[in-house]
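In the two complexes that follow, subunit A is the common piece, with subunit B as its partner first and subunit C second.
After this line comes the complex of A and B, so read on.
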């Protein structure tokens, strides 16, 4: 181990990869002044947390400021809505400003449903420690009596997590206290409150999207998030949450027809959104009901105009819900696109087989793995036969009869 | 600039074939690293470069180019590089404000169905002035080069496929034929290969049209066997018939991995991860 000697007498609980070396990268002081952000290890990009720790890990540490995360909604919009609320709640806790736009629910209602942060957990939590899983028994680490060889092996952790702590934990069973919520500064855009203006100057664009883009631009310029403007005294992050873009409630017909009239309305809007975000201190999460959009090529161009893209596929209502293979999970998560920003090589996830589940209090993303097969019957018999056949082929003919009783 | 790629293409900044139209395309992968390559390649070759960046900001290209050893701001100051930042200019069209009228080049966004005439006029003015007059400028640059990232985003903005093909043909005539320069364009295709048939009016059709116009195609795609962390995809190099020696150059396929400061190319199945 390449650890310096003086760090060896520290209690092992405080070990983190950062303590192993005294060499520290010089960081720019300018970018560190905003609470709730940190620079990326890879390219120095300023990151904010998405509110879900495992999602942060998946996206390479967090959401880069100036980018758009696209979430393809699951069929009932229950889990995508949850991630959306996590993202906003993290903004409230970090005292970022919010911009919430919706066509279906009033943004006020969305804000009232935000999950409650587990704040006392933050105080206790040490940076090197793995996040505590609620279902994990913590006191079973006694010395093993039989399988003592395995005692020192690290615990298998299927939940994705990084070693250092970033973001907060939330209890989805409770809603956030009103006093925390009211401390946050936020802007709203509720589509029914903005009647169409019947100007019709931009042919490929819809009035609803133009009004949304204009309202967002006004907030960015007024509140000093614009990077091209002269620096205000203190900088903050604007978190933009746009709910269910492309649905019929926005006046869009992408979801209704095979050949929609406004094919380019949403893509043009996303192009404008990207242009707006790249020059400002803001980060956006956009959800799109992709299962309603028939045209896959259109969905591809929507994805390419966002930076990150993930898709949620819930088991609810599908035959997979009753499949024993998936009994531990609530759905699958597909990574459609990873951002490529200010660097040649982008962060790629280790696997693409990912699943999510909603525990009693917490939403997590895990590697998909099959449950251990504890039944005595089906698969083992076939494995035994396979092993027998293999040994027979290797001309160990005397051992074939006894090999049937072995599992390996 | 990736030296491995130069040796595959048998070219170098000192000697490259003028008058070529190079098409970069990708499917289920990302070919934007090739744009970075050609940008730094032509800047090192002392060409006059006109870069139409539609999907990324200047700061992105600047940050990456710096890692590849080229400074875009210096090139811009010297007059070698003309950079059109599509994102920034589009904003003044989408959200018009009183004080700035916006760049003329992106004014096609007001009425995308009408075609890309304004963008072509921008390209023409920036490449022609370099080769024609401009004797007062201190340095003389080589043949003009037009680089465009992600032409297919124009389709998302409402431009017809035919208009983009017309635009590329005009650019090819001006830059490649008249001025003996090069054109490099990137086009991105959606998902699943060729499974949907002729009714697909979109990026597929655009790619076929541009492939027909091009002299050299670099087609990047994901691995057919699925996602792998150590091999990011494969590149297919297709040359069209060359006039000089009159023989077909063979089609080559390489797998690649993108690193922080470069890309390594290797023959299929010879990745370090599997050997």
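After this line comes the complex of A and C, so read on.
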């Protein structure tokens, strides 16, 4: 008996060396059909694309509605900001509503910098695609003279991608057209616009975070995202983006001191945020400047309070920039936590060493693998040795170079 | 990014002050004082006919004005917070508690109502000692966004504060110059990080020295032995000194390429084998109604 393949949007059955199946579970229940979402293959959760297709694959198909994604910022906040903008841009393209909160930049400015979507997705070239009948046999056959039977097998696909068109691609060099942007409905919270009402009240919460949580709750209840209220006819998803929580501009001294006064401010906010999200049709992305937070235990609690957590480490400015192993990439990506939503075991990414690269049309997250070592004079240097050589080179370069020649 | 045109280095670009609405932070430590560089920036701004306000907390007015030319002093306004920063006497010209964006904007508007002025803070470390870092960051951010200030130039002693505080202040800055002592006497090393509006970060390292008249000469880039790429050694050609010939002449190479390999098929046969045609046993399956077996609803009669 063949497995029934019933799909809503006919994805092509591709041969994929990775464990992604094109199986779509047939369900009779009236699930919420909201544009831009799809049910998860593993546990039936409603998923939303994060804007970056590789990140969707890493997180088990997408972000589950009602969860929080924590992004630990890189040193100069360039790539985490990019992922933040991708998330909001995906919301605009899928016609979701947005809620943007920031303390440093005006949310209007953030929205104006959103990348432009590439709407004709056919133009994306992927190396491991199925052979198309219409393409000239000339160039494909001349590519391999002797091993021509292996012509059409996909090359080692190190870029993580999923098969159906769930997320969109964006062109970073262009900003989104004002018409597309203005068609989206959005709400803002700019911290300097909400001055503290009363000072000197000793409470574990911080004024800025309470005001933010109140504002978010008002938006959710007013606009009908609340699941406890009676359902209106058409439902939509609210995408919440909170930029740089915990930084000094929110009034939080988490980043400044080893023993901050407001230790529980951010953690109680995240607790309240998650409770709010679980009872509403929303997804949140929170960025935190974790490289400034000195207390690692606090960082651990912040990670536990969010569902998904990833950390970005950019090579700019560190000694890894000149490491030849990392020359193709812009930084490393660490997956700190993956959620277990209504199930016992979570979907873990198969590879732990991940590196990312921001290309013009794509933010790729790839498995970090050593390139084949073809030259015979160079000894096989492992990752650890390379890193050791880079740091020890300043000390006594002659010693390390002689060690390299010891290959048997 | 190390590729800069030789005549236009990042340090000289910053000295020219084309960056409006930014916050330039000079970080120094006890091994090399950044005040000389700060004075060069003040000098460059004054030469460009800008109005400069200096909040002096670290050193006295005379010491700061030393070396600057006297005819520019009408554009230089010094707010003395060195003598009495905490306001212990009743008539202190400026106290640290007046470091707020409203008070500073008022101060700047008094002297230069039309043109936005350049604000120099010497140094931020003194302010951070007495006012909480969150308030200082808040003030700096508001000054950046408000229109009263053209640029803010601040000096920060990074060894006086914890990493978190230094990091939080650096986050607000559009450019950060970290100065360190150089290898030879008068020279110093500057590590510059510049963050543009689009989020692009450029970094550079330059050796510079400051002359008596406060002009900065940018010298060559530092040659870092630690980061030097391994020089490719001359590959020894193993086919050089042999008794038999391993090389091919052009004619021989042509003949070699023309030779047909034994199991090479013609192009038509290859395409036929690669894109297998309809007769080669492909299984086509169309699921029919009886195949949709739903475990939860075996009789197919539930109306859900």
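Quick notes on this structure:
Convention: the second predicted complex is superposed on the first by the 315 of 408 C-alpha atoms of A that agree within 3 Å, B and C clash if a C-alpha of one lies under 4 Å from a C-alpha of the other, contacts with A are read in each partner's own complex, and residues count from 1 in each chain.
Methods note: a residue touches a chain if its C-beta (ideal position, glycine included) is under 8 Å from a C-beta of that chain, and two chains touch if they have at least 3 such contacts.
Model, not experiment: these values are computed from the prediction.
Of the two partner chains placed around the shared chain by superposition, subunit B is the only one that A:304 touches, whereas subunit C remains out of contact.
Looking at the shared chain after the overlay, A:234 reaches neither subunit B nor subunit C.
More residues of subunit A are in touch with C than with the other of subunit B and subunit C.
Chain contact summary for the complex, subunit C toward subunit A: residues 132-134, 137-138, 141-142, 162-165, 167-168, 171-172, 193, 195, 198-201, 203, 225-229, 235, 261, 264, 267, 270-271, 273-275, 285, 287, 291-294, 296-297, 302, 304.
Remark: subunit A residues 1-2, 4-6, 26, 28-30, 76-78, 81-82, 104, 113, 131, 133, 137, 141, 145-146, 148-149, 151-152, 192, 247-249, 251-253, 255-258, 289, 291-294, 316-317, 319, 322, 377, 390, 393-394, 397 touch subunit C in the complex. Per the touch definition, subunit A reaches subunit B in the complex via residues 43, 201-205, 210, 213-214, 217, 263-264, 267-268, 271-272, 274-276, 278-279, 296-297, 299-301, 304-305, 340-346, 348, 350, 352.
Here subunit B touches subunit A in the complex through residues 30, 32-33, 36, 55, 57, 59-60, 63-64, 67-68, 87-88, 90-91, 94-95, 109-113, 150, 152-153, 155-158, 188, 190-192, 196, 200, 202-204, 227, 229, 232, 258-263, going by the rule given at the top.
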